[in-house]
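What follows is a set of structures to go through.
Below, chain A partners chain B and then partners chain C, in two separate complexes.
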Partner chain A sequence: MKAFAPRSLDEAMVRLTEDPDLRLLAGCTDLMVGEPEDRLGLPGVLDLRGLSELRRIEWHDDALEIGAVTPFSQIRDSPEVQKSFPALAEAASKIGGWQIQNRASLGGNMANASPAGDSLPVLLVLEAQVVLVGPEGTRTVPYREFHLGYRQTALGPGEIIGWVRLPKPPENAMQFFRKVGAREAQAISKVVVALLADVSDGRVSEYRLAAGSVAEVPLRLTEVEKAMVGRAAKAEIANLAGHLAAQAVRPIDDVRSTAEYRRFALEQVVRRMTLQLVRRVPE
Partner chain B sequence: MEDNHRKKQQQKGPESGVTRRHFLTGAGIGAAGLVAGAPVATGAAPTESAAIIEVGEMVPLTLRINGHPRLLLVEPRWSLAYVLREKLVMTGTKLGCDRGECGACTVLVDGVPRYSCMTLALEAEETEITTLEGLLEGEDLGDVQQAFKEHDAFQCGYCTPGQVMSVEGLLRSNPDPSLDEIRLGVSGNLCRCGAYPNIFKATRRAAELKRGKGDRS
Partner chain C sequence: MTLLGSSPPRPDGAAKVGGTLRFGDDLPKEGLWYGATLRSPNPHARIRGLRWNPERAPKGAVCIIADDLPGPNGVQLLDDEWPVLAEGIVRHVGEPVAVVAAATMLAARQALGAIEVDYEPLEPTLDLSAAANQESLYTLELRSGQVEQELERAHLLVEGTYHTGYQEHIYIECQVMSAWWEADDKLVVEGSMQCPYFVHRSLIHVFGLPAERSVVKATPMGGGFGGKEDFPSVIALHAALLAKACDHPVRIAYDRHEDIIGTTKRHPSVVTHRAGVDAEGRLQAMEIEVVLDGGAYRTLSPVVLSRAVLHAAGPYRCPNVHIRGRVLRTHTPPNGAFRGFGAPQVQFAMERQMDRIGRCLGLDPLEIRLRNVLEEGDKLPTGQVMDESCSARLCLEKAARETDFQERWQHLEAKRRAPIDGESMQGVGLSLYFHGAGFTGNGERVLQSVVEAALLEDGRIEVRTAAVEMGQGCDTVLPMMAAEASGLRPEDVVLAPPDTSRVPDSGPSVASRTSMVVGSEVAHVVTEIRDRILDWWSNSQESGAAHTVEDGVVRRGNGESWPFRELARRYCETEDPLVVSRQHEPPEWQVFDEETYQGVAYPTYAFGADVVEVVVDPDTLEVRPRKVTAVCEVGRVLHERLCVGQVEGGTLQALGWGLMEEVKLEAGHYLNDRLATYIIPTIKDSPEMEVHLLERPWKGGAFGAKGVGELPMDGGAPAAVSAVENATGIEIDTIPATPERLLALTSAHRQVPSGPQDPKRGRRPGG
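So, the complex of A and B:
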């Protein structure tokens, strides 16, 4: 097993070009879940945590850039994230427990491409852009087009996730995040939901809804969004939003929950978020 | 920790040649050296790239544990928890799930609580590792250990070393945590016996002891 800890992006690119099968490390919280024997089969690892370009939170133009290996504890505690992207700060504080948050990263969550990744619905509603770094340079892909299928991403050979760009959200829009698991911490989600929405002149002017653990990939629930935008912001629309959300997903039964419960939980979470929106009650 | 770690790397600057931060690459070079010098990694011919480490091959690694450097030979795939328990026989660190769910293996890496079962031993080079053993003050219990004892913050005791390490890490960054902050601080540590109320009380007591207000009996 080969092991590298490059200290510059260039060095990382060279290693990866020489050896495209290296497993990228961005916190190890997915890698180390397997048995130690499983790691025997690894051709090698490339630890990205030492790259300062990939470990930062800073504004660039009108977008907040978050490095792929920045641990969730830093995202959770960042005043910039808390101010402009409260749903992401909330998600970062609900992922795993304290120790996981000290290691796990947005880049790892994206690359692992689990349907239950807690930060992923948030990236969908924030319309995050993913900057991929490859031997030929960088390219930017909307997160929505990055996560292609169950544990499948648009990452090409020799490419790594560099950072995400979060465009400044609409002024005054409300953001919500809710994770439903067997317990408050240290549970993989049964359902995870993010909503970014706004009301102006008494009507819903913006409504971006996404959910995880309800399909093979995290989904933007566009049917619900279309039905909500333009509607009078009255409590009755909350029921409709929940109902439509439950229709829009394709959950499965597995060890953590049933398809029926997932639909039910999603319906309730979306209904409550929408009620809070129309009542303008911050969560 | 993460910040310290970063600072350390930045301080190192663009030195020439192989630096200690290049631990993995450096370890590989070390291994090649050992192949030539001593029969540690038998059967593995030195290859063109010095950084290639064959499966089952050991690499030298220095870990700083409780203030003392420990020179070891490790396989790159070994977790820090495995190395602490099986190679150094420091059994204060417990293994419960070995997959980052229970928290029994919690240690401090540069002062921050981390799961040692989810940390490769190689990754921990150049960090300050603190284990349960490192909290002792000579023959006496450390503040957090003393507080756990006073408040009977356990039943079976298996999760206790991990709980103690999480509380130690919490109090280092937040000397006077609220109940909610305490709950978050031990959110990554499961207690099957449900001793949480006493763990929370013990955390408050430990904070007092650390601030020097507590009257130690």
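So, the complex of A and C:
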């Protein structure tokens, strides 16, 4: 099996152009737990983790850029992320366990395109932009147009995920993240929820809600958002938000949980987050 | 000097922690080939055709099917009903149909594609309800007193049906076995196993070899938990058959996926209770039905059922008891040995039933148990009278006192009835349990375990047993026991490797018996060697005076002293080799009637009581155990740290089984056949553990030690579930108590009764 570990983005692009069947590696935490045949049968691999261009967290204009192979431990510990994007820092601290967080990367989580990816609902509510690098140069797509279907992305042939751009969130908006898994660590989500919301003049002024493991892709729950924005910020709206969220998803029974439980947990978590929002109680 | 009860470092510790120890799959072997297994995709089917196409396989690959076996197609355990390879019919998904070997692991996996099998699907029996009307794999019955009559007369009748699920062992090291044939048709097998002589017996059975031409060596083990009691015989046979066919050493090493789909698990159970109690809650009569899912083959199920039946009434006093046990056959992988061996299932049911009886009478979990706890002089349903080492009350009272149980439980009951939105729900639960030490019934008598000791030229004593270190600590504890008995130092004793060509059959490393039974005999044979040398020394001295031995030093009354090893070396120089062997005899008063199930089923019992505190998320019903207080009375603590470790590890395994571990099946297929989906507790899920070890030595040997390996598996699950009930009010009779199950029970309005029941209407519906 061929294995390449390029030292620069240019070198990586050359390799990939020459050999478009190479499997891209950004931490291997999904690959290594798959079927042995999937690993043993690979034509070759291109390990992107050595690319410093793709391993960085820095402000550019009004957006924080996070490189695709930046490991979650770095995101979790980054003061910039903690200050401006606490929901992402929280998600990074709940993925796998410490060992996984040291290897697994934001780009890998996106490329794997699982409905249960813990960082993905956060990217949805942060309205992340994804910068894709290809042989023809770069292009930028909103994250919600990147994750197309179950394990399907908008990555074209010869393209790799370069970095994401997180626009500076609205001043004073609150961010929430909650993962419901089968145990305290090393769990794949049964339900994962992110909320970015704000209250001004006694009314909900911003309400962006997304959930994972409740459909074939992580969903922005726009019906809930529309119903919430403009409402008086009172405890009663929490029940409505939870109820509408449960209506808006299409979970399934699978090896990790039941559709009934996922709907229930989503409803309860959204209710709780909304209560905290209206009470301005940080999580 | 008292060595016992201290905590010297374990000799195998540094290599295990440092990662330098070589396990079965790490051992180099010249010319090694790899084996792979073709498994049935059907739960039940006729094999109409089975063809090996060598031209489609990697060059040189070999294949073995049932027809190629040189002898009986059966794995010799209690009987040989379990096929080595499926013959004509497959009876579970994952059943081995053929095995292949090739020069690399990848080539071996590719060779599987060169086998064609034509299956004709047959109707499968997939669960206990479907199996209920079919012939049982095994049945047992135990009776004492007048049950029907007393149930009629009882003040209150309480019924309940309790369900427990599968459990997968998840030893860190998956199953691995290597085999090769040496000159003169001698078979050598080495790998990860708890019972070298079980494997030995199976090899002899299938290959028709004389005992000395089959050599079985246990490699250092990365955990067993019973999972390497029965199954290693299967994989050893596969490797040996392949090695014969390809004329190379062959290794079969399962990855986690194959280990989960291919090996045995804990028996799922359904236990039904009918109990009659008087107005004070004292048990008058119990009728208990125990049903285990044996899977497709009998394996060790009859003895698992036996232990289940003998523990089904718990450590309680009840004069009239009728217990019926059945193992049913389903078209699922065979279930087998797992730490606890049937006792955790039935004691989960008994403990839940006690809580239910308590609630029916308005008594808390402590009070209902205190009114029924087994004490010295009381009889078990087998008629066995409890002796002075019975410590159920001691454990129960200590656990309650340490945790302020009664007060906490009442407080949290009240708190539950006045919930505050968003506040986490807290609960506390209690369990009382016991575990019979050593083999069941006449098992030890039948085993005729033999232990040997031999004097080495360097003056140390080699102890020869088939006991295998699997993490439990026997390599640490056996020399300590020898030292304690003989006055030598642990380092004066060296353990021979568990290799059937070097050690006698001291029985399997199972049933919490190694310290209690093997350790007892080790102490005897080492002491006997010491005595022989001291006699020789005394006789060779003019004075002939008596000597004492302490800390490896021999002293005479006049103050003269010699290191024991020095004398032993001198003995070796002039005398014939010194080897002592001894066969274990259970106490003569341990007599059990296998027909009537009356008598002394176990020479002694260890006892325990657990208090588990949980927090339940009010939104998601996620359960987090926060603290466990475990009080275990183990007769005598041999090595304190290891003993505490057994209790902590077993308790966590029990919490996993009770709260999260769940094997999910669909049409006979395991759905969660990997560690990403079969969920066990991580260190972050482990609660704080406070372990109290108590000692009430029994009189039969081993310095009073009763065996501790399995005991802690019995108490964690019922206590945790009881705590969830205290926190949520949801009445739980099935484990694991996952949030999904709690939600389903909530939707079905399964709540605990709010107060005492009217006796006339006291029948609680069966769950």
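Rule of thumb we're sticking to: the second predicted complex is superposed on the first by the 280 of 283 C-alpha atoms of A that agree within 3 Å, B and C clash if a C-alpha of one lies under 4 Å from a C-alpha of the other, contacts with A are read in each partner's own complex, and residues count from 1 in each chain.
What we mean here is this: a residue touches a chain if its C-beta (ideal position, glycine included) is under 8 Å from a C-beta of that chain, and two chains touch if they have at least 3 such contacts.
None of these values were measured; they are calculated from a predicted model.
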item: Touched partner set for A:Ala232, first chain B, second chain C, both or neither; value: neither
item: Touching partner for A:Glu184 - first (chain B), second (chain C), both, neither; value: both
item: Partner contacting more residues of chain A (chain B vs chain C); value: B
item: Chain B versus chain C as contact partner of A:Leu148, first or second or both or neither; value: neither
item: Contacts of A:Ile252 with chain B and chain C, given as first, second, both or neither; value: neither
item: First (chain B), second (chain C), both or neither touched by A:Trp98; value: first
item: Contacts of A:Val33 with chain B and chain C, given as first, second, both or neither; value: both
item: Chain B versus chain C as contact partner of A:Ser73, first or second or both or neither; value: first
item: Which of chain B and chain C A:Phe4 touches, first, second, both or neither; value: first
item: On chain A, positions contacted by chain B and by chain C; value: 33, 36, 40, 97, 184-186
item: Of all residues in chain B, those that touch chain A in their complex; value: 1-2, 6, 9-10, 19, 21-25, 27-28, 49, 51-56, 59, 75-79, 82, 99-101, 103, 106, 112-115, 117-120, 122-123, 166, 169-170, 184-190
item: Chain C - residues contacting chain A, complex; value: 106, 109, 255, 257, 422, 619-620, 622, 624, 660, 664, 671-672, 674-677, 679, 681-685, 738-740, 743-744, 747
item: Complex interface listing, chain A residues touching chain C; value: 33, 35-37, 40, 97, 180, 182-188, 255-258, 260-261, 264-265, 268-269, 271-272, 275
item: Chain B partner contacts - residues on chain A that touch it in the complex; value: 1-5, 7, 18, 25, 28-29, 32-34, 36, 39-40, 42, 45, 47, 49-50, 52, 55, 71, 73-74, 93, 96-100, 102-103, 184-186
